[in-house]
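Got some structures for you, see below.
Below, subunit A partners subunit B and then partners subunit C, in two separate complexes.
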Partner chain A sequence: MTTRQNAVTGLVVIAALAAGSALISRVPGPQEVALAPFLHAGTVGAPIHLRTGEIVVDGVQASTQVRQGAITASTSGHWLVVTLRYTAADTPASLAGMTVQSRDGRTYSLARPFQSACGVGQPGVTIACSMPFELAPDALEGAHLRVPAALLGGGEGDDIADVDLGIDAATAARLAVATEPVRIEAVTVVGAQRVGGTP
Partner chain B sequence: MQVRRFFGLFGGVLDRSTVGVLVLAVLFAGTGAAGGWSGAEAQENALVSAEPGAAVTADPLTVTIKKAYVADAIPSLAPARPGSRFVLVTVTVEDTSPRPVDARTSAASFQVALPGLRQFGRPVSPEAARPDVVRALDATPLGALQPGVVQNLALVWEQDAAQEVPQQVSIVVVGHTWRVSALDGSRQWFDPTPAATVELPLAPLPAV
Partner chain C sequence: MTSDPAARHTGQQPLPSWWRRNRVALVALLPMLALALAASSFRYVSIYRPTTFVAGQVATGSTGRFLAPVPGAEPPTTRDVSITLVSATPHASSGDLGAAKGTRLWEVELEFAADPGVPLTGCTIELLDAAGQVYGTAGGKPVPATGRDRTAYPACVPEATPGPELDLDGRVIPATGRQRPASWPVLAVIAIPTAGTPVAVRIHWGPPDYAQLPLP
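So, the complex of A and B:
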């Protein structure tokens, strides 16, 4: 093989490696595919079935102050309080790891002192609870609630309810000026029903 | 001569270009095994010195260190404890990342260079001492820093009262990186990296 042939072979190999690398970087890897969640889209008032139970978001409120028992928490942003019902399917389960996602993809978590406001649901028993999220002022409009079927893994490779909270520009403007403190109600049992988990 | 003799053993299968490729491969492998270019990056990550009241960036946080006070007890935050005093630093913090910063990481984002620091009744080093982080708005413990929500916070460290009260304190702001854990695959804030230091006078806490 001549020197020129060697050089051409080397260039072809390098070009093939570069092309392969560029292609691979644009294709999701096996781990990424395995960890992709199963999103169940929904809206306020519509039941959403998850592997571990069923949720229904009843509505949202907002304020600069929330109260639960003797605790009053303020914010320089907004408290967005999401009220929902939850019915566990076949085993006791808790709604943990819930987040609110803003339209631009920022994630907001429940945090102390209110993070365990929904407790554990028993199979077939519908409970209602209110979950306060502390949001930046510009995160209200277009916000979605995301509820993983289980805390472990945060919904990776698992069911996640993705609920459009129905906050358009007008609703966001109305919520943004609300200052009346919102009371976080304790978990209440509101009914019983048979809910089958998704296989 | 010995090198040439060594390669002479493989003269039938190794030409000069192949040897060149092998040398390059060994060079890259050796560089990677020795930590890659992290040493050069570390040189670039020198601690930034900032003035009190100036915003400093320690990803994922933007922090303004405002004032520092010392007291034997802080009403509603730190009751008097025999043999201890408290150092309170007021800060304004914003999480500029797209995800929350949990309470543990928030507390680990601040260090104070003081001798005789204590935590849970035991002596701790300045690097290991975690302040109590309290929201100034409602005096509740910080649960998490949420993206884009500006928080005024009080950071409280406990110090052995036998130590002298310094005229100044140095606060180090520590950045973190959001990445996947190599151990369990979870995503968390890791890799604490001191990013900025702020020197400010330590004044007695004004009586309320």
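So, the complex of A and C:
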């Protein structure tokens, strides 16, 4: 093999390595692919199917004060209380690990002393719960509720419901001035019926 | 006459075919493929099998046996218990519990029999329907006026004489006080949609092992 052939071979190998490296840097890695959630987008009032069951967000309320039993909590931001129904699919399961995401990507989780999970769901039996999130004043508009199918893993490589809570600028302004304390209801059993449907 | 140009040129015998030249490696490839497949099953062995119900001890009559080692127990311990299904009947209410709309409360009466030295606290009792749906004791029941559903997590041992227990590290804590009787009743109350019909009861202390008895 001539010196010229050697040089060409070397250049081809280097070019192939460079091309491969550039390609790999633009393709998600196996870990990234494995942990990517399966997002199920939805809106208020629409049923969303997850691996572990079906959820329906019924609505949102906001205030600077929330109350559950003898506990009252105030905030300098806003309490956003999301009311939802849940019907487990095939096995008993609990909705936990819910978060609210603001439009700019900030994540707000549920906090003690209030309930942090929507009870234990029984297959085919709908339960209802209201979950309080403490948000910064500017996080109401465009907020989304994120509900992982299971607490373990927080939705990594699993189903996640991504519910647009329908808070536009006008709604956010109305919610932002609400100061009437919101009562957080305990988890209640609605009964055996299709979520969003009739018995 | 040969068609191999090299052989024609040198006047030698043609080279053996590629398959013939590599036959040893090709034969060795088969067990290597089998070994690669076995090695790739580590997730099943180390993750899926220990966390799913794959080791059923399914009875055909009203009495069955649960026999399985207690994972991580110190000293090593085996759960060996005989379980008899006494009855399973649906009701509109059970004690201070009322069934939610469109559901019935199934009362499952079992009888456990085991050596007093076997740790049996913390079991789970579930009903299964023909479609494979699993119904537990904790969900689907409205909270009674007392504010607490005492049937949400049934004790699988007598309250006064529970027998040995396990601490968080798996160490067996010997029983104190009176000895547990040789057999005792266990009651589970499970909410099921009216349209559902359970076909079996499943008893376990966590996957992968479980005992299953058919409902009459």
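In this section, the second predicted complex is superposed on the first by the 164 of 199 C-alpha atoms of A that agree within 3 Å, B and C clash if a C-alpha of one lies under 4 Å from a C-alpha of the other, contacts with A are read in each partner's own complex, and residues count from 1 in each chain.
Rule of thumb we're sticking to: contacts are C-beta pairs under 8 Å (C-beta built on N, C-alpha and C of every residue); 3 or more make two chains touch, one makes a residue touch a chain.
These numbers come from a predicted model, not from an experiment.
*Asks:* Evaluate whether subunit B and subunit C can sit on subunit A together after superposition, giving fit or clash.
*Replies:* Once both complexes are aligned on subunit A, subunit B and subunit C fit side by side.
*Asks:* So, does A:123 touch the first partner subunit B, the second partner subunit C, both, or neither?
*Replies:* After superposition on chain A, A:123 lies in contact with subunit C alone.
*Asks:* See if subunit A has more residues touched by subunit B or by subunit C, and give me that chain.
*Replies:* Touched residues of subunit A are more numerous for B.
*Asks:* For A:171, decide between first (touching subunit B), second (touching subunit C), both and neither.
*Replies:* In the superposed model, A:171 contacts neither subunit B nor subunit C.
*Asks:* Applying the touch criterion given at the start, work out whether A:61 contacts subunit B, subunit C, both or neither, answering first, second, both or neither.
*Replies:* In the superposed model, A:61 contacts neither subunit B nor subunit C.
*Asks:* A:74 contacts which: subunit B (first), subunit C (second), both, neither?
*Replies:* first
*Asks:* Quick one: classify A:112 as touching subunit B (first), subunit C (second), both or neither.
*Replies:* first
*Asks:* For A:186, is the partner it touches subunit B (first), subunit C (second), both, or none of the two (neither)?
*Replies:* It touches subunit C, and subunit B stays clear.
*Asks:* Taking the superposition as given, tell me the minimum C-alpha spacing from subunit B to subunit C, whole angstrom.
*Replies:* 13
*Asks:* Which subunit A residues contact subunit B in one complex and subunit C in the other?
*Replies:* The overlap between the subunit B and subunit C interfaces on subunit A is empty, containing no residue.
*Asks:* Within the complex, which stretch of subunit B touches subunit A?
*Replies:* Spelled out, the residues of subunit B in touch with subunit A are 17, 98-100, 102-103, 135, 137-138, 140-144, 146-152, 187.
*Asks:* What part of subunit A is in contact with subunit C in the complex they form?
*Replies:* Checking each residue of subunit A against subunit C gives 88, 90-92, 119-125, 127, 186, 188-193, 199.
*Asks:* Inside the complex, what are the residues of subunit C that reach subunit A?
*Replies:* The touching residues are 100-103, 126, 132-136, 138-143, 152, 191-196.
*Asks:* For a test of understanding, state which residues of subunit A touch subunit B in their complex under the given definition.
*Replies:* 6, 10, 71-77, 102, 104-109, 111-115, 133-139, 154
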